[in-house]
Each structure stands twice: as C-alpha cells, then as structure tokens.
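Right after this note come the structures.
Two complexes are shown next, each including chain A; its partner changes from chain B in the first to chain C in the second.
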Partner chain A sequence: MSKVRFFLKRITQTVFLLWLVLTFLFFLFRLMPGDISDILLYQGADPDTVAEFEESWGLNDPLYVQYFQYIYNFILLEPGYSVQTNEPVWDFVKMNIFNTFILAAPAITLAYILGAVIGTVTGTKRGGKLEKFVPVPLLTIGAIPEFFLAILMIIVFAGFLGWFPTSSMIDPAVANQYSDDPWWRIYFTQSFAMHFVLPFTTVVLRYLFLPSLIMRTSVVEVLGQDFIFYKRVTGLPKSARLKSIAKHSSLPVITLYPISMARAIGGLVLIETVFNWPGMGYALVQAVLARDFATVQFVFFVIAAFVIVANFVIDIFYSVIDPRVSLDD
Partner chain B sequence: MSDDPLLEVENLTVQYKTKEGMLTAVSDASFAVSEGEYFGVVGESGCGKSTLLLSILNALDSNGQVTNGVIRYKGEEIQDLSEQELNQRIRWKEIAYIPQGSMNSLDPLERISTQAVQLAGLHSDLNEEEALTKFEEMFEIVGIDPERIHDYPHQFSGGMKQRAIIALALFLEPSLIIADEPTTALDVIMQDQIFKHIDDIVDRVGTSIMLITHDIAVVFESCDRMAVMHGGQIAEVGPVTRIDNEPHHPYSTLLQEAFPDIREPNRDLSVIEGKPPRQIGETDYCTFVDRCPWATEECREAPPPLERAEADRSDHFVSCFRKDDVREENEQGTDDRKAPNQKSGSLANDE
Partner chain C sequence: MIYLGFISFVLLLAVIGPLIVPYGYNERIYGPDGEILFSAAPTLAHPLGTTDSGYDVLSRIVYGARPTVVTGMVSGFMIFSIGMTIGVVSGYVGGRVGNILMRFTDLTYSIPLIPFALVVVAIFGSGFYVSIVIIGAVLWRGLARVIRSQVLQIKERPFILAAKTSGASTPYIIFKHVLPNVAPMGILFLALGTGYAIVIQAGLAFLGVTDPFVPSWGIMVRNAYESGMMSSALWWSLPPGFLISITVLSLFMLGRRLESQITQNEESMIAEAG
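And then the complex of A and B:
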C-alpha cells in the first residue's frame, strides 16, 4: 500500500516539475530580445507579409492566451510547429534526439564501466604508484573544455593520422544510397561507424574522470569499513571480498550515472557543434538562432524530462540494491 | 577444563612500519589459553591488546608484521600460514571472532541469514537448509526471535546486532572465540546481558574464549585466567583469583586501586598518571617505568623477563624486577613508594 502511495506521490511530483519546466521555458524565451518577426524583417520580408505571418501563428494574442494554448497543446501531445520548417516539432527533432542518445548513452555507460574499473584498481592499490599517477591524466582531460578536446581529437586522429572523418554523422552519398530503406538502416553502415568513433571517444574521455575518482574514494572508504575486515576474519576468500567491495563502492557511482547521462545529453551542444553531429544540441543552437520557440522549448523539455525520469528510475533501482533505502514512506 | 593449551603465544613481538621507524606494539609476549578456558586480556588503550588479537587472527594491517615469536594453535604454528590455508582450516571453523565494532560488522546489503549460509558453505558441510536451521538455533541461544534471521542488519537494534554477531561466532562451533571489547558501544544493561550470554556459552558449549577488554571488573567477574598488558608487554598472567587478591606487578596493583570495590565503598579511587609510551624500535626496558612508583634504574636498562611470581606456582607469571619488593609491601600494608614521575623529578635536580 505504501509503495502505491510512493508512486502516486512521485508521479504527482514529476508532473508538477514538468509543468514548472514548461512554464519557465515558455516565459524565459519570450523574455529574450528579438523574435521570429524581427528576423523575417531583417531578412528583407515585406512588413505586410510579416503581419500576416504573426496573425496566422497567433503571435498577436496576449501572452497568457499563448501560454494556455501552449500548455493545452502539450497535454494533447502536440508541442507545436517549428517556424523554421513549418513541420510539427516532433517530426523536426526526433532524429536529432535519437542521434544524441545514440552518442551519449553508450559513451557515458562505457565511461562509467571503465571508471568503475579504474577506480577499483587505483582504490585497492592505495598509496601505490598507480593510485598516484592515474588520476593526473584523467583530471587533465576532464579539465580541458570539451570543444577544445573535440578539436584536439580532430587534429590528431582526423588531421595528422587521417584515420577518421572530421565531421558529420555519415557520408551524404551513403545516406542517399539507403534513402529508401527504413530510417535505422544507416546506423548499421561502416560510414556511420567511422564517423561515430571520434565524437564517441571524446565524450568517453570527457566524462571518465568523474566515475573513476568517485569510485576510487568510495573503494578506499569501503575498504576501511568494519564489515570488510569482519569478512576477512570470517575467512571469506579475496575474490568474494572484492565482489562485495565493488558492490558497496558502486552505490555512489550509480547515483551519479543518470546525472552524468542527463548532463551529457543536454551538454553535448559543443561537442556536437564541433563534430557537426546532427543531435539535440545541434538542433538547439539552430533553433535558438532562428528564435524557433516551439523547438527550443521542446528540446529543453526533453532534456529536463530525461533528468527527472532518470532520477525516478534510479530511486527505484537503488531501493532494489540497497535494502536500507525503502520506497515506503 | 583440560590442561592442554589450545592457544600458545610465545615471545611474540609485533611491529608496525611507520614513518618514524618500526613501532613495537607487542613486545615479547607469552601466554597460553587452555581448552574450555575463559581468558581475559586487560590493559588501557594503546597497550597492544588489539594488535595481539589481530596477530592471532593473522589479520594485521599491511604495515604490521610478527617479527619474532610463535603462535601455536592446537600444537601447530599458525603465524606463517598463507591466507588460503587460514581460510580453509583455521578461520571460523576453529577460531571465530566477535569484533569491537559489531554495529558495522554485518554487511548492510545482505540478509543476516545470507551471510550465515555463506559462512557455512565456506567452512562446513552443511547445506543451505541445515545451515538455516542451525543458525535459527544460534539465534535462540542469544535470545533473538529465530524468524528474524532473514532480516537485514539495519532492522536490528545495536544490542540485537551484537547478539547476532555472537550467534555468527558460535555458528560453526569453533574451539576458540576471540572477543574484542564486545560491548564497547552498548549501554550497561545490554553489556551485562551480552556478558551473560558469553558466560553461558563457556558453560554450555565449552568453547574457549579470549576476551579483550579495558574493563578489569568484567574480567574479575567472569574469567578463569587473565593477562594484564602495558605498553606492549605482558605485565602479569595468572588465575583471576590470584591477580585479584595478590597482584604482583605494580601495574596490576595500581589498576585495582583505580577500580571501585564493593567491599570498601568509601575508599578513594587512585589514578595512574601518564599513558603507555609509543615505542619506536626494540623495547629494551620496562614500559611501565615512567609511571611506576617502585621504578629503579634497573628497570630502564632491560625489559623484565616474564617469570614465575612465586617459585612454587607454575600458573602465575609476572614481569617485574622488583616483584618481590612490591609483593612484600602489599602484604605488609606498608607504603613507601616513591612519588611517580621520577624521571621529571631527576631532571629538575640536574638543573
């Protein structure tokens, strides 16, 4: 019963948060100087045409009317039309969202798996050379601004060595070749794989230091716990103890995983821009420049929704692995 | 109680590698625990009790090592056994342990029964069902509802966790249980209950227990024999009644005066000034010398050997050069001790 209450409470909270995000986004972008009309005028459009345009898009209505219309449409799962292409926003950005996920999700997951291993190794060898020197390159790479790291990668691996293409997600020729196939076909081409390597590696390197360092600290802390000593004295072999240490130490890392994931998905703007990767960040930049409110709002909403939902999922997952965390409240 | 020693420690020296050099935590310690015996080790914080126990369990920190002496268990030297041999033959099957920090010694992510089944799988032939049945019996012995073996540690109170830890120690019927200040974190009522359980175990199960504590009253109340430690050295070993009534070592004498006695409710409790020294390098003197009212120059020149307290007694040993003088004074009730901190006094004279 109390679990049902927990879920109801969390769902209510989630809906409320999402509404707050929507409202905030709506008013924030209306406060920005300039709108689509200014851009059209600047581009030399006829003022009468612009007036007609404003009328047809409902831009002359009072702000609160626009707001309620917007929320109403959102509830009906219609986040509006892009002023850039006149398409529904969802059709316009769905591929970008997918492209970001396909880059960020495996990269962050790999960074966390690698980080957990590095952290365990350095943490258990406390005081050794490994523990002293491994964090240095990790932190250095983590401290380089991501766009600069991306440029370095391009210079070295695409420029000097010429192993990988410099930018975009796929060769246009290859994309054309598969234009009649289902949309997912292009993700299984060699061209995509070659384009994928550099941005993927950049994201992994960029996010590797956090799980590594957290895991290291966590392992050191767990090693000093009474129950690990007790396990040793009870005659538990080393392999079983290491398993237990890893399980305990990974708790804080698991908490961070969705946060990093959310940050990566929202924060790939620069990496996507440098690599010309047609993801969410890329779409976001284009939409902001075009004052394409509906698109901007929707993309930001997707990012926020991801963070909120991911945290919810991790809360549930956490209660499964740690019996001290209970969903009953 | 048979006379075969179950555990024998001979001339044990344990040192830790530190930045200032080798720190001697236990120096030339010798004692034996017989089968079925309840053996107490007392001493104040930092006197080497825990190091002594860790070296018996072969679980010293990585910077610590046994540099001299032997630890014999059932006649076999165990101080140099490999981790694997210890795990297979000695740990838990033979020597179990009740930790000081019992609050945090159970794995919080695992059910207590899971932890017990794991131990049974490692050290016995019991299958899961038999192990659970047996563990339920252990819970009954320590006074917890047997149904609660499947709980997680955080669902237990502090006293229950401690009792669960005792149940785990008893679980595979070891010959020796080493208890390291098992009641440190508990209130006095719970302390009393825990010690009753331990007494009960000695009586009913016949396991030997080595109890490490700083509470000399508990040792006097329950143990058969005891060792008094100071600064890494064993000051006195013998039957509890002997040390209680006729302490030979100055430290034992002073310790007793520092504890209230129900027979003399109005006596002022004395204080032993100072603290055990931190010993870098070999211990080549009596570590009690700076706190000892009987100390002479001789005490600074060499460590006192652990010798028979009285020539005709084979069960009572004392390490003190002046044991006969101390003993005589105690008997005659005269009191011509010098003021303590003789060292600082002599420094003042030099100036």
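And then the complex of A and C:
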C-alpha cells in the first residue's frame, strides 16, 4: 500500500471516529427524560429565545433533520447555550481550552524530557543499586491519586510554607486591572506565574513515572542488541554511546508523548478541580454538577477529539520515521 | 511481602472492620460536657480526631476499606474477564470476528475515561456501582491487546498443532492449552488494573459524582478538601489519601514482582494497564 493511500485511510478512520463520538452524544442526550430544549437551553428562557433556539436547532423537524442540523452546528462551533452563564458555550469554553493547554503542554513536555533522562540513566545501570531503587519512588508517585498529590502540594507549599496561592489561576484584582487589555495580557503577570507553579509541578510529578519506566525498559532492550556491543568494541567513549542508546530507545517514549498529552487533557480534570484552575476539566465538572448539558456535550467532544487526533498523529508519525511499520493493517 | 501483607490487612478490614469499630461512620462524637466535638485534634479516645461534622475519623477509615475492596474486586473482575475473553477470541479465532473485536478495542482507546464517566453520570445519575462499572467497562482494553498478541504467538507453537491434528476441538484447545499459557499475564493485569481502578474510582468520588453516602476514602478526602481545613486538620485530610496510595502501591509492587517472573523486562505492562 502506498503512503498516500495509507494517509487517506487513516484520515477517513479519524473522521469516522469523530463522527461516531458526535452521534453517540446526540443519541445519549436524547435518551434522557425531558424536553431537549429545556436541557440545552437555560431554564426560564423567554418564549422568543426558545422559538429562535428551536428554529436554529430544527427541533420541530423530524429526528434525521435534527441530527444533520446538530452536526452542522457542531462544525460551526455553535453547540448551544450554557445553563450556567446564559452565554453561547463556545464563548466561555474557548478560554478554558486555552487554560488547559497552557498548563498541560509545558508540564507534559518537561515530564517527558525528565523521564527520558531518568529512564536512560537507570536503564544503563542494569543490576546496580540505582536500577533497583529508582523505580520504587516513581511507582509510589504513580500510585498516589492525582487529586491527593495536588492536595499534598497545597498542604506543604501553600499551607505550611505559604509560598504560593492555593487556588484559581490569577488574582481577581489583577485580572480586573487588565480587563481592558488584550486577552493574553493576564498570562504575563506575576500573579499568574505564582498561581501556575503548584499545578505545573503537580502535573510534571504525576506524569513523570510513565515515560521514565518506558524509557528504562526500552533502554534495557536496546542495550541487549548487537550494534551497542560493537560500538563498545570500537572504543567509543561512554558519552557517545549513551547518546546513541538514548536515540535508539526513545521511539516508544516519543510515541507515547502525544497520547499522554491528549489523555492528560482529559485526566487533568482532577488536578484542575483541586486548584480551581479554569481549564476544560474544571468546566466539565462544573457543568456536570450544574446539569449544564450543552457544555458537557461540547467539552466532552473536544476532549475526545484531542485523543482521537493524537492517535492519528502518532500513526502518521510512526509510519514516517519507522520504515518497519507495516502500512497494510 | 510487606505489600502482600498490606493488601491482606485491607481485605481483613473490609470483612470484619465494621464489626469492630467503636463508632458508626455517621455517629456524632460528644465531648464530656455534651457538646459535639467538631474537628477535634487526636486524643486517646479518638486516635485520628474527628471531622468537621463531629464523626470519628478512625471509624470512618475502617468503614472506608469495604468500598475500596468492592471497587477493586468488581472492576478487577470485569477487566480480567472481558479482557481475557476478547484477547483470546480475537487472537485464536482471528478472521473477521477477531478483526471486529480488535477494532472495538481500538475504539475504547479513544475514550477519555474520567470525562466519559462524568458524562455518563450526568445523564444516568451518580452512584457507587455506576462509577465502578464504567471503569471496568473501559480498562480491559490493555489486557485484550496484550493477550491477543500473546495468543497469536502461542497459536504457532508445535503443541497447538499437535492438539489440532489429534482432533481436539477449538474450545478444548483454548481451555486446555491457550488459557494456562496466558493466565499469568491476566493475573498481572488483574493486579495492575485493580490498582488503577481504585485510583480512578477515588478520583470520581473526589469530584463528587459518586454516591456521597458510601463512606469511601475518596469521599473522605473530598469532605476534607471541601471543608477548607486540609492544612489545619491533618489528622483528617491525610490518612485516607495515604491509605489509597499505599493500597495501590502494594498492588503495583505485587504486579512488578509477577512481571519480573513472567517476562524479563519489568514495568512495561504498567503503561498498558492504565
């Protein structure tokens, strides 16, 4: 199978999956008891709004027309109104998406870089004390529920040491001060930086253990291969050999990176909730507790879309850098 | 050994705990003058103090062992049985059935678990068992994949061919020859999956989407967090979280021991099981 056909097939599969999630949500929310316009619109809306809403969503039409309208609305990013704020969902969710990114992207990246280093160091010290004991603290961090890790951070660094604020993303006073500036201005304030430290550290710690362990396993595997032995025989210095080992064992870790990133965006729910970080996960929990279904529906779709697209990116990336991957499956 | 001991201890607490605790999990504790002891620091009578509602923390912790064990057992059983069935069938039977089963497994990989649980709870209402079943219904995916690839290898081995030529039926071969060979991997995933399930269920409890009246450790952490006394009432906020962590760590370490016996490289499965 040619590369082009492979890409086309993967793109088709990805679009199919996204459609499947949308369809699943459509029917799931129509299985619920109650009128759909009560669910997707805030309660006590005036009749004009309801009429307009029903018109735009085509709620008087047969189900299949509604279904197409629903898909169309999602593509236009008009997934209804939030019960909590009476705003269109997209208007307030878009900032939450950005806030999750600004937390997850640097933190996961750092966790992967650190993890690769830890994995290489422990993997090359096979049989030594380091190899035996480093995985234990890593597994311990992996076993602590993320919300409890976040709480421990708050107790130590915010409660006892008092170095950092405990919750939210920025001081409301500071946010007001910059309310007339462009939206990105608040991300360059000291208040934001102080609020950023604890959630950031928690995410790094939490996502450190998987890349470390996978890198270690991979390094051990690579070490057993012939070419490393020959590199040793040719008398290359240790640093050069380590570089080569790291290069050859990093593939599984690189593969896991986008998937972890996408999963983190969903998994950050707990850490965001503990720190009241106004990200997607936080929005989802608030929406579920407020029974704000339009928001629940949209945020879940965005999170699922990230996972699906990340899987797609990995497949493409893998087929490009690793010629051994079969394109036929 | 310590880890096995700790797991036995939690199991024991779950079975006999509620029989030996001095106070009920929602029994208010009164001081000598007849007032309710809200958030009292630890004393001899109440070694872990009381909560902001005046409940005895130690008693609540003992009660909390049972929901934890139930979570681990129910989702562990689901992960094991669904994962083994799908893995063995798609690996051994193969063909169109195997393909469909594997596509289905791939599909579950695009489900973000906690957000999915939140959506399901939003629609069908919150509940203790609902939260466990959602976890079990998704987390089998790693086991199914690993078992399938193992079965694909075992299938090509001479003793399977020998069994086939001597006229053994497919179910017979699966039960007699395939299952015993993949069982250790299943048990490894049972340990790891149980650990993950306990963490995730505690997370859902913490988010407030499970039954708040089941006195689980996750709910206790949530109550302490909500009360805003995390840093001042350490006797209440820390023990339940540490117990979850140690229980899960014990399961992970047990899995690590198992894995080093089954395969040469440890800790690669811990990524698959999540």
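Basically, the second predicted complex is superposed on the first by the 271 of 329 C-alpha atoms of A that agree within 3 Å, B and C clash if a C-alpha of one lies under 4 Å from a C-alpha of the other, contacts with A are read in each partner's own complex, and residues count from 1 in each chain.
Convention: a contact is a pair of C-beta atoms (placed from the backbone, for glycine too) under 8 Å apart; a residue touches a chain by one contact, two chains touch by 3 or more.
No experiment lies behind these values; they were computed from the predicted model shown.
Once the two complexes are overlaid on the shared chain, A:193 sits clear of chain B and of chain C alike. Chain A is touched at more residues by one of its partners, and among chain B and chain C that partner is C. Applying the stated contact rule after C-alpha superposition, one finds that A:242 touches neither chain B nor chain C.
Residue contacts after overlaying the shared chain place A:11 against neither chain B nor chain C. Look at A:65: by the touch rule set out above, it reaches neither chain B nor chain C. Once the two complexes are overlaid on the shared chain, A:51 sits clear of chain B and of chain C alike.
Residue contacts after overlaying the shared chain place A:226 against chain B, while chain C stays out of touching range.
In the superposition on chain A, A:154 contacts chain C only, with no contact to chain B.
Residues common to the contacts of chain A with chain B and with chain C across the two structures: none. By the touch rule above, chain A contacts chain B in their complex via residues 225-227, 229-238, 240, 244, 247-248, 321-324. Of all residues in chain B, those touching chain A in their complex are 57, 59, 83-84, 86-88, 90-93, 96-97, 99, 101, 103-109, 111, 118-119, 122-123, 152, 154, 168. Across the complex, chain A is touched by residues 107, 109-116, 118-119, 121-123, 195, 199, 202-203, 206-209, 218, 221, 225, 230-232, 234, 237-238, 241, 244-246, 248-249, 251-253, 256, 265-268, 270-271, 274 of chain C.
Interface residues of chain A, counted against chain C in their complex, comprise 17, 20-21, 25, 28-29, 31-32, 135-136, 139-140, 142-148, 151-152, 154-155, 158-160, 210, 213-214, 216-217, 220-221, 256, 262-263, 265-267, 269-270, 273-274, 281, 284-285, 287-289, 291, 293, 296-297, 299-300, 303-304, 307-308, 311.
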